[in-house]
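Chain naming follows the written order as A, B, C and D, and within any one chain the residues start at number 1.
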Amino acid sequence: MRYTRIWLITVIFFTALVLAACGGAAEQAPAEEEAPAEEAAAEEEAPAEEAAEEAAAEEEAPAEEASADEGDCSSEEVFCVGLVTDVGEIDDKSFNQSAWEGVQIASEAGAQVDYIETGDAKDYTANIELFAQNGYDVIVTVGFALGEATAQAAATYPDIDFIGVDQFQGETIPNLTGLLFPEDQAGFMAGALAAQLSESGTIAAVLGTDLVPPVVAFKEGYEAGALYMNPDINLISTYHPGGLDVAFTDPEWGASTAKQAIDQGADVVFGAGGKTGNGALIEVAGNEGVFCIGVDSDQWETVPEAHSCLVSSAMKLITPGVGELIGMSNAGEFPGGNFIGDVGLAPFHDFDSEVSDEIKSSLDEINAGLMDGTIETGYNPG
Amino acid sequence: MTTAAVPKARSRGDYAKIIGLIFGVLVLIGIIYGYITNPVTTTAVLASTLRQSTPLVLGALCGLIGERSGVINIGIEGQMLMAAFIAFLANVYTGNLFVAVLAGFATGAVLGAFLAFMSVTLKMDQIIGGTVINILALGLTSFFYQTGLTTQGKMQPIPLGPLADIPLIGPIFFDNPPITYTTLILVMLVHYVLFYTRWGLRTRAVGEHPSAADTVGINVFKIRYINVIIGGGIAGLAGAYLTLEAVGSFERAMTNGRGFVALAVMIFGKYTPFGAWGAALLFGFATALQTQLQFAGQLEIPHQFIGMLPYLLTIIVLAGFVGRTRVPSAVGKPYEKE
Amino acid sequence: MTTQTDSKANISQWLMVFWRSAAVPLVAVILALLVGAIILLISGANPLAAYSALAKGAFGTPIAFGRTLEKATPLILGGLAVAFAFKGGLFNIGGQGQLLVGAIVAAAVGFGIDGLPFIIHMPLALLVGSLAGAVYGAIPGALKAYTGAHEVITTIMLNFIAINLTDFMANGPWKDEGIVARTPAIAEAAAIPTWGNIPIGFFFAVVAALATWYLLYRTTIGYEIRTVGFNSNAAKYAGIGVSYTIILTMAISGFLAGMGGAIETLGVVGRYQPGFNAGLGFDGITIALLARTNPIGVIPAALLVGAMQAGSSQMQFDANVPFQIIDVIQALILFFVSADMIVRWIIRVKPEEGEQVTLSTSWG
Amino acid sequence: MNKTNRPIVLEAKGLTKRFPGVLANDNINLKLHQGEILAFLGENGAGKSTLMNMLYGLYTPTEGEIWIKGEKVEMSNPGDAIDRGVGMVHQHFQLVPVMTVAENVMLGSEITSGGGRLNMRKAIQNVRDLSEQYGLAVDPTAVIEDLPVGTQQRVEIIKALYRHADILILDEPTAVLTPQEANELFRIMNDLTAQNVSIIFITHKLKEVLSVADRIGVLRSGQMVGTAMPEDSTETSLAELMVGRNVILQVEKSPSKPKEPVLQIQNLHVRDDRGHASVEGVDLEVRAGEIVGIAGVEGNGQRELVEALTGLRHADSGKIIIDGREITHFNPRQITELGVAHIPEDREKHGLVMPYTLSDNMVLNKYFKAPYAKGVIMHHDKIDQNGQVLVKEYDVRPPNIHALAQNLSGGNKQKVIVAREFSTPTKLLVAAQPTRGIDVGSIEFIHKQIVAQRDQNVAVLVVSAELDEVLGLADRIAVMFDGRIVKILSAAEATRERVGLLMAGSEA
């Protein structure tokens, strides 16, 4: 019968894997000069696993990590920080990457760090578990989508501190801190900047999807900020029409949509939607006299292709926020509950001279107003 | 001499042609009306239509060249993605956009050769062959993609002198970057080659009745190989379009299903280059329109419903007006000589 | 396969039989792993470390094994959906859309009704979710039967529509409290439990596979579906309602995909949340092809792929190998299993009778 | 007329072709002289087509040599054969249905005007010239699928002549022609030989061989079993040589005793796939216990008529009455259930599911009924039993009910269909081309079965393009032309010539 074949494949595959597992453990020792023999005495965890882990860390670890102590995370002395990404990659030029850079600040302070990229949203829990079971001290989870999984893990592992980026905490769990940002304020600043830069009176926003709350906050803030500066401004903005799995990874749509906006007179484009937004930024860069504004981090660093238009970015300072929280955990001062990180506009870089002092001072005023509450963005997520 | 019983006329397509004509006239009226009332927006939407349609037309051309010769290509998505990646790398490391385009074309062609090897030589099921390419491309590009690679930007529009100044038509057709021009030329070229040249005649014969072609000394395998390879190259061009012209950078999985939509466009266009172009334009138009509707912002409809527009429109047009498509008879069947 | 191995038959004979049927898949998998290893080496990783971590992540612990089964569950159902449609001569690329619809409708039944006992609530949610998938699958079937619209186009389009539709529901009428776009959590009574580490949903999937096999090969419905699939002219000649059969085939295919989505909702995620079911429908195509469209073969194919997916996090953690290598290996296995000519050429084993599978007939 | 003293243009020495498990041609020697018509006689499956495919470069011989015009040749593809002036008209036409005549003719040897651009005007002119020169009337711009078979065959001949073929292989060219058309073909063949074209003519029709061939070779089971000169041979002697035993060329049957009418067709109008009127007002009656044969050139509405009768096609207007019930708008299942058996024209398209086993194929008309199914559950033991019985009764080979239909020979495939259709109680049998392309043994067998059905009071309607078959089987003969029944003749009135003329549309 035909399908016996596929059964056999499975059996064989598994056998092969098991063989590889044994073989792997055996052959690794000679291959890796630093094979940690002393680890055999490690307390709770399976030794084979550690051997593999160590060996791999040797090969692939980013340069920053090399300095980290190769210690056992379950021991008291070694401070270990793990990061679980949202679906996507660590180098996404966006929030995963910013958070990872925050973790690396801790690595410079001597912590041992590692990350796991999530390929399937249903793996959040499993990926968090991998760090938890290996005795990590702090686990950073990135994105609102991991909120539920993180909260559960925090309850299961009260000795581990969890940092949930973009995860609002309804009730306070002492070992879980949600790192939140008033994106609407950053968007407000960006909108105010855009409205003042625009000569045509039309500004645009190319956005990821409204399924992701921070994107909505950026958008609402952007529009409110623009209208605050110029009530007659013509705002054209659009969300990606696809689902969550493509909305942030469709630079072609971002580019084409930005172009469509430019073609009808928009001279400032706010690209807020991961790689989709980056596509919009790069597209704008090819058009004379049109400005673009990035999002999340200072995209001057992450999207060099957009230098010719990138006047600023509406930043949420994830990197320092994560770094700070890790530091607090290490010091035993982990706050729990919600921790509000900083937002703001990125430096103008090459455009510093093009942005008039008038605009700069108005932005400072707005910033102050947002801080003391005299200016409200009007965004209320409910 | 009995020549009786010869049917009098071929009338099957007449009905569809009339409907198509009416549809075309309506579209034209709509465009002119839109241009009179709001020239800027109309131009912007139509220009966006063309941009959105470009990778789809290229993908569909790839598919139809292969299928006309009897080889199903559902690996268009993978060919596009891999080519986008290699074109991007070439751009990063050589900084020469022309070289990068060639690299993209070559990558597509190599994957085309791989598909031809699987389906013509190994006689593997063609759908499996395409699927292998899709998964492989997704895996390899994601696996090998590294961050920190930056390009010198992307290809910029080249206005074609005075042609670009013609109202409406100028900005849409004559102020485009190179691959878009190439696409427009390719639509005509493929049409010409397919229906007016020796190569086209042989290709169609091989796709319809390979043994008939074999008996007059045509090398079926060779025709299929070359068509699938060239088709792959064209899909590679679509990939190059994405990284070099539309975006300027590469991202994982950036094709986002365009290869599959291209497949739909190909069938929708009844396996003809102009048909595919029309179908792609329809699709591009619906996409541009949904963006424009969001821009306008007055509609109280959730944007998801606007987002469905291209897809719903395709289904309605397909079910209502196009109906059954005649597939090349020998498509999907490996040719067995003995 | 020869099953009556005479107890007296000597071992070498038995080994020969085993070798003849095992050789091709064995070599195919080894080749795939070898090529994968070369890729890993190129990228500077240690293949042995990677593979051993993969194995550990898939089978190393009872929890890991449970996750493998959990991963395999929607793959089985997605694969069944595609394989079943192939049997009826249809290429259902719309498994993803049908799965999403099934997932969100199951969630709606799960959170929308309160106070039902488990014994009613869970099966009800599962059934209604699956039926929603069936209805969604029947649409392209009806379009094909009555207007001739090609199912490849319509199912692709309906995938996109399903994404928009479910996003809208999850961010609109069925949205949970709070800012996150997702439905409320399903009631306790609607949840598919786990048995230790073993997800019960997996058994539903296995039962579905067996039932699909039975339906196809032991009932008149299956006979009609296969007849239409192989030769719709002969089906018409035999008095089978071809249009009806096409719609039925797509509906059952959609039912299976929808069930996959419903089990994900009720047994794994606990609610519907956009992005949590990405790609499952497309994996179904791979599974169906790996299984050569055989409903029983779908189970091991899904286990194979599910194991790789389940082990991929461990592989990242232990060996720092990105999970995308899984896709590469998957593609290679599919290639080498299908391109058995290459494998046979290497090991010189003759093909068995009637092994050819043609799916491409479902194109025209 | 003896042409053996002329130069030899083609010679085969010890040609052998082996396929896995089959010895298709075994040590065959032949010589073809210039301007000669060499006929090859043999049953279906005797190896004629294999031999010709080797001469045409489609197959490579396993052993042996081919010499063309005094040169030993190694041909790896038809292009090599074409280059040496060999042309072939295949039994299954090698024409692309969706293309025009001119496109088909020039395919592979296109006329181009620079840059590979097709010069259609010149190609059309070329076809016109050739068709005038040889009297092969064809419209070069017509699309093949719109043309009747006879015309398609002329296109095939033009294709060969266009390539300057002077050695022409005609594989079963008369199978689909009226006697008049066949005579026309023979005239063309004679014209060609007069212009020094040499012809290999393959057929299983004995009369034709005797009337047209210069020499005769007989193939059986892949071997050349003998050669003969037409003047020294009779139909019987050739038939024996061909089949290897005594054959009864006539269908043995007693006079019919027609009873009540079973099938009545009144003013029936049916359209074809393209929506053109195809059956245009047919009236016909078939009684229990008689065989009515419909003679006619293919494409004159027979297919649509049969499909309308069996529910596969909607009738535009008119009435079909079976056993007193109007069934004009019944579906195939309802009609089958009335006791109508249908041997379809195209056994591979309609009659069988190729990837199914024999036993599955043998319940195609009754799989849903007890004892094969109860409710929706099928009973495979019963299905296999049924298969077992029928395979034995109808001598299907291989007698393995689990063999796949696609692996059977044409004759055995047809037997499977006949067995299935005769295995349920039948009132009306509609048999379309019941013996097309199958071996003599199977033909005899099926003819006997059809007559046996008649003798059990079944009303039988036989549609066949083989005039001999209709003449041999039918008690009454209806001649169909251009969608109408132009004449109904009794068996006694029907002579080949008269029917042939009617088939061609001339009123006899």
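Keep in mind that, in the parts below, contacts are C-beta pairs under 8 Å (C-beta built on N, C-alpha and C of every residue); 3 or more make two chains touch, one makes a residue touch a chain.
Everything numeric here is computed off the predicted structure, so don't read it as measured data.
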Which chains, if any, touch subunit A and subunit D both? B, C
Longest centre-to-centre distance from subunit C, chain (CA-based): D
How many angstrom lie between the CA centroids of subunit A and subunit B, rounded to a whole number? 35
Averaging over Cα atoms per chain, report the distance between subunit B and subunit C in Å. 29
With centres defined as the mean C-alpha position, give me the subunit B-subunit D separation in Å. 43
I'd like to verify one number: the distance from the centre of subunit A to the centre of subunit C, where each centre is the average of its C-alpha atoms, in whole angstrom. 32
Contacts with two or more other chains occur in subunit B at residues 142, 252, 257, 304, 307-308, 329
In subunit A, residues with contacts to at least two other chains: 89, 210, 241-242
Two or more other chains are touched by the subunit D residues none
Could you list each pair of chains that touch one another? A-B, A-C, B-C, B-D, C-D
What residues of subunit B sit close enough to touch subunit C in their complex? 72, 118, 122-129, 131-136, 138-140, 142-144, 252, 257, 260-261, 263-264, 267-268, 302, 304-305, 307-308, 310-312, 314-315, 318-320, 322-325, 327, 329, 331-333
Listed in rising order, subunit C residues that touch subunit D in their complex are 218-221, 223, 226-227, 230-231, 233-234, 236-241, 354
Interface with subunit C, subunit A side, in the complex: residues 1-14, 16-18, 20-25, 27-28, 31, 48-49, 52-53, 55-57, 59-61, 87, 89, 114, 116-123, 126-127, 129-131, 134, 144-145, 147, 168, 170, 209-213, 216, 241-245, 381-382
Which subunit A residues qualify as touching subunit B in the complex? 89, 91, 93, 97, 204, 210, 235-239, 241-242, 246, 249-257, 259-261, 263-265, 275, 278-279, 282-283, 285-286, 303-305
Can you list the residues on subunit C that touch subunit B in the complex? 39, 43, 91, 93, 143, 147-150, 152-154, 156-158, 160-161, 164-165, 167-168, 171-172, 285-286, 289, 322, 324-332, 334-335, 338-339, 341-342, 357-361, 363-364
